[in-house]
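Since the structure comes first, as structure tokens, the remarks are kept for the end.
Chain nomenclature is as follows: A, B, C and D, assigned in order of appearance, with residue numbering initiated at 1 for each chain independently.
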Amino acid sequence: MKKIINSPEQVVEEMLQGVALAHPQYVKRLEGFNVLVRAGAPSPKVALVSGGGSGHEPTHGGFVGKGMLDGAVAGAVFTSPTPDQVFEAVKAVNGGKGVLLVIKNYTGDVLNFEMAGEMAAAEGIEVEKVVVDDDVAVENSTWTTGRRGIAGTLFVHKIAGAKAEAGGSLAEVKRVAEKVIANVRSMGMALSPCTVPAAGKPSFTLAEDEVEIGMGIHGEPGTHREALRPADEIVAHLMDKILADNPVAAGDEVAVMVNGLGGTPLMELYVVNRKVAEILGAKGAAIAKTYVGNLMTSLEMAGFSITVLKLDREIKELLLAPADTPAFVQF
Amino acid sequence: MTNVYVAAIEAIGEAMIRNKEYLTDLDAAIGDADHGINMVRGFEAVRGKLGALPPEADLATVLKTVAMTLISTVGGASGPLYGTAFLRAAAVAQGKSAVDGATAVSLFMAAVNGIKERGKATRGEKTMLDALEPAYEAFAAGVGDNKPLPDCLELACAAAERGIEYTKTIVATKGRASYLGERSLGHQDPGATSSYILLKALNDFCRRRPAEEA
Amino acid sequence: MKKIINSPEQVVEEMLQGVALAHPQYVKRLEGFNVLVRAGAPSPKVALVSGGGSGHEPTHGGFVGKGMLDGAVAGAVFTSPTPDQVFEAVKAVNGGKGVLLVIKNYTGDVLNFEMAGEMAAAEGIEVEKVVVDDDVAVENSTWTTGRRGIAGTLFVHKIAGAKAEAGGSLAEVKRVAEKVIANVRSMGMALSPCTVPAAGKPSFTLAEDEVEIGMGIHGEPGTHREALRPADEIVAHLMDKILADNPVAAGDEVAVMVNGLGGTPLMELYVVNRKVAEILGAKGAAIAKTYVGNLMTSLEMAGFSITVLKLDREIKELLLAPADTPAFVQF
Amino acid sequence: MTNVYVAAIEAIGEAMIRNKEYLTDLDAAIGDADHGINMVRGFEAVRGKLGALPPEADLATVLKTVAMTLISTVGGASGPLYGTAFLRAAAVAQGKSAVDGATAVSLFMAAVNGIKERGKATRGEKTMLDALEPAYEAFAAGVGDNKPLPDCLELACAAAERGIEYTKTIVATKGRASYLGERSLGHQDPGATSSYILLKALNDFCRRRPAEEA
């Protein structure tokens, strides 16, 4: 394992210190907890709290700031944070208008955030939750845990965050978040695995010419493995899956995110975006905004995901509203 | 004199440490390769917290300490699930000075029900419940037949072990392994395995000591 | 070679198309050239043009926009662009107030940009140039080509760009750029190599426990190889070199950039930043602003560089001025 | 009838293609592993451009076409340097209908001086000049001694080859290899090597043809 760290045990703690030292204008560390909150928290608006295992940076701590999150809770690498940590975040950001928990659909995240919500409710804090499940790689079914939450979660942070910043009530912020969740779909693929520092070895192996399609962001296996194909073919396959689940028609407006998993050069992400734009263009859809970058990563995993969000007037306006956070700034 | 409840929990913790890599490897196959790491992080914290308890701490206090510590250190799916199990058991133990058969059955039942409610899962979904629920039933049946408690625990372990084998034959519909669909077939569930390890460690502990408590 | 591309021959072209499709608000492609210019170019202010080999994304195309660059010229991967391409960029962005070329100190970049400057001068366009040489890994000497230009170049883009945006004359913009160059120092290290698509194989190899200290951003060897050490020790070594060349004293104000080379998770960059901040704090220096991210990359190389810029009132103000580009936005 | 100047340049291009990997590997050791790729990209473009020239194109036109094409396709350090060399040679060739010894010498000198001025380098800095300048001197000496032009070219090649060997013994102080300091010792300079390959290809070309031109 080749990593620029001091020790696997200290890596989350030292990362959080590094973030707080880098961005004092934006965030402060809750002493004694793996929690970053907005520098000015609490503020008199609905607050958003998200979080999950570490290793997805800049998610979630990088999105704490104006127009996005109020608090981010960091678990151990790839392990959901515990309820007491989430509860502390909720208490620290609650400005009296209530708190929305944005949860990615993993059993661990859901259970821990739910327990935190119960603890907060017991203290009289108004808490609501939404569960993001944008990953179409996994079949949805009411009999299973359903789809996973991946990069599309950032659109929830951005859009619900803008609604809260604009003074929306907890119910309104939740409604908007759920509208985004209903309209956002993603799918990814991986070229190479990543190594959880505490594990010390890659969580899976791929042959030199093999890729994993539908890869999860914690190294969970995807739908299948196949030989590496040209970028355009891979993109076409992922877009097929995404649009099958959430079709776009001529005249629809969408936002796009081409997300790198951490080890893939931006050069390749732009090659991907070229084909994504071509496919959407051929369907007659208009792309209102495109984001390309390493936003929801899996440590140093090579690969990417594509996210398509169908817009209506309301969520488009909220998407394009200003935001100012360490990892996402928009005028 | 050491607190027998504390000693029993410590024996469970040691078993988790011995099986850390095994549990993690099972999770690597169908999950995210952290179950052993999670359990050990939790039980190492538990050892610290139990060490700070007064020697006369009663069962409810010990169980509640285990519960709160697991909840606040394990994370993932298993943290809230095992945490809730111990919390519910603690509630049943409240005010009890000794554990008779009926108490042991209701402790066990409360724990299993806690997991079912928290995780909204039932048997047959390839989770820890596939080890724990049959183990509970075997235990309760033994108590019903007026067998000595250590024998009942032995029966529970055997049932849990069969539960592990059973998880290999089914597709996961709860937890992270459910994303795999058919590809989860043939693999044994890590959480069912840690449940068996827990019961087995308890059983071994009871065998090593005069059978004063379960 | 495992890359998400269609072909090594097409990768720069398709990347540029992908950038133009992703960010029409910010940039437009000069048809027939590997050049990205501001969407509204030319504008009636001093224009900044930079560029270099591709493979350093988001450098330079990602920094085209308000308050930074007006044009970015992309060469083949790791190969300086040719003079005719640079010349086209200069013509397209020249708004009559003159053009500053920001060149990284590599013989190829210097020669090609110089020739472009001569071509522009021959057409009556006022052109000045600055050469960035922030990499302290390489000994400076008037008898050699001197130090290399690496991540510190982005501070030149930002600060000279702000001066131009504020209406500074070509001479003023150049003076500010040179002040930044005089005060900025960087040094990097690599954990793993990268593969130039056209070459198809990694440009060097490192053993499983070996790192290269003072690595160049094109895979050029550094000062030496050594065994991987804890992050804090590596950072201390790089900071020693940087501060030996450009000492900071108690009361000095600095800006910091912790730059990832493409394959290193943000988590590790923040662990690095923690130690950087500690070292500067121990010297009594105040950190006015910290940037952490993959800004000047080497394809998928794992590793990082640290940049320290000493500030005075003027360059601090220009650094903190707003900017709006695809890869760098600041309120 | 094919244009002899075009044919000579094409022979050089083929030699670069044959040595693409060799030159790139030399550059990998002390540079950035692209010199062969750069030269081939340039000379492949040159072939296309020369193909579009009228068959009666004169030497100046051919050299200028080569120059402009190399400048606009090679990039890196070598592009402007070789491009400038051909551009300066083209200026000397302007208006000349045949190449005699004196013309050949001044062509060659203009090319070498172009590289020196553009790159601000001198001999002994581990660059292409360590092949080209001795080659030029040997060539000029041969012409001074009234040797036939092909023999002069042969002398130039031999000198360039010795120049390559010499680059192994010195530390680079110009170009990308200069960042290596002492570590560049023992390695042969890629640009000096491509210069030798160019001269050698020209020499081979002349030997294959009736020696009407240099």
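Observations on the structure shown:
Keep in mind that, in the parts below, a residue touches a chain if its C-beta (ideal position, glycine included) is under 8 Å from a C-beta of that chain, and two chains touch if they have at least 3 such contacts.
Fair warning: this is a prediction, and the values are worked out from it, not measured in the lab.
Listed here as common contacts of chain A and chain B: no chain. When chain centres are defined as mean Cα coordinates, D lies farthest from chain A. The geometric centre of chain B is 78 Å away from that of chain D, both derived from CA atoms. Spacing of chain B relative to chain C, judged by their CA centroids, is 55 angstrom. Remark: chain C and chain D have CA centroids separated by 32 Å (rounded to whole angstrom).
Each chain gets one centre point, the mean of its Cα atoms, and the points for chain A and chain C are 28 Å apart. Residues of chain B in contact with two or more other chains: none.
Counting partners per residue, chain C has no residue that reaches two or more other chains. In terms of which chains touch, the assembly is arranged as an unbranched chain of neighbours.
Interchain contacts (touch definition given at top) occur between A-B, A-C, C-D. Partner chain C is touched in their complex by these residues of chain D: 24, 28, 30-34, 37-38, 41, 71-81, 118-119, 173-176, 178-181, 183. Chain A meets chain B in the complex at residues 53, 75-76, 78-85, 106-108, 111-112, 114-115, 137-139, 143-145, 148, 196, 198-199, 203-204, 216, 218-221. Within the complex formed with chain C, the residues of chain A that make contact are 2-7, 11, 14-19, 21-23, 54-55, 57-58, 62, 191-192, 194, 208-209, 211, 228, 230-232, 234, 256, 258, 262-274, 277, 287, 290-294, 297, 299-300, 302-304, 322, 324, 326-327, 329-331.
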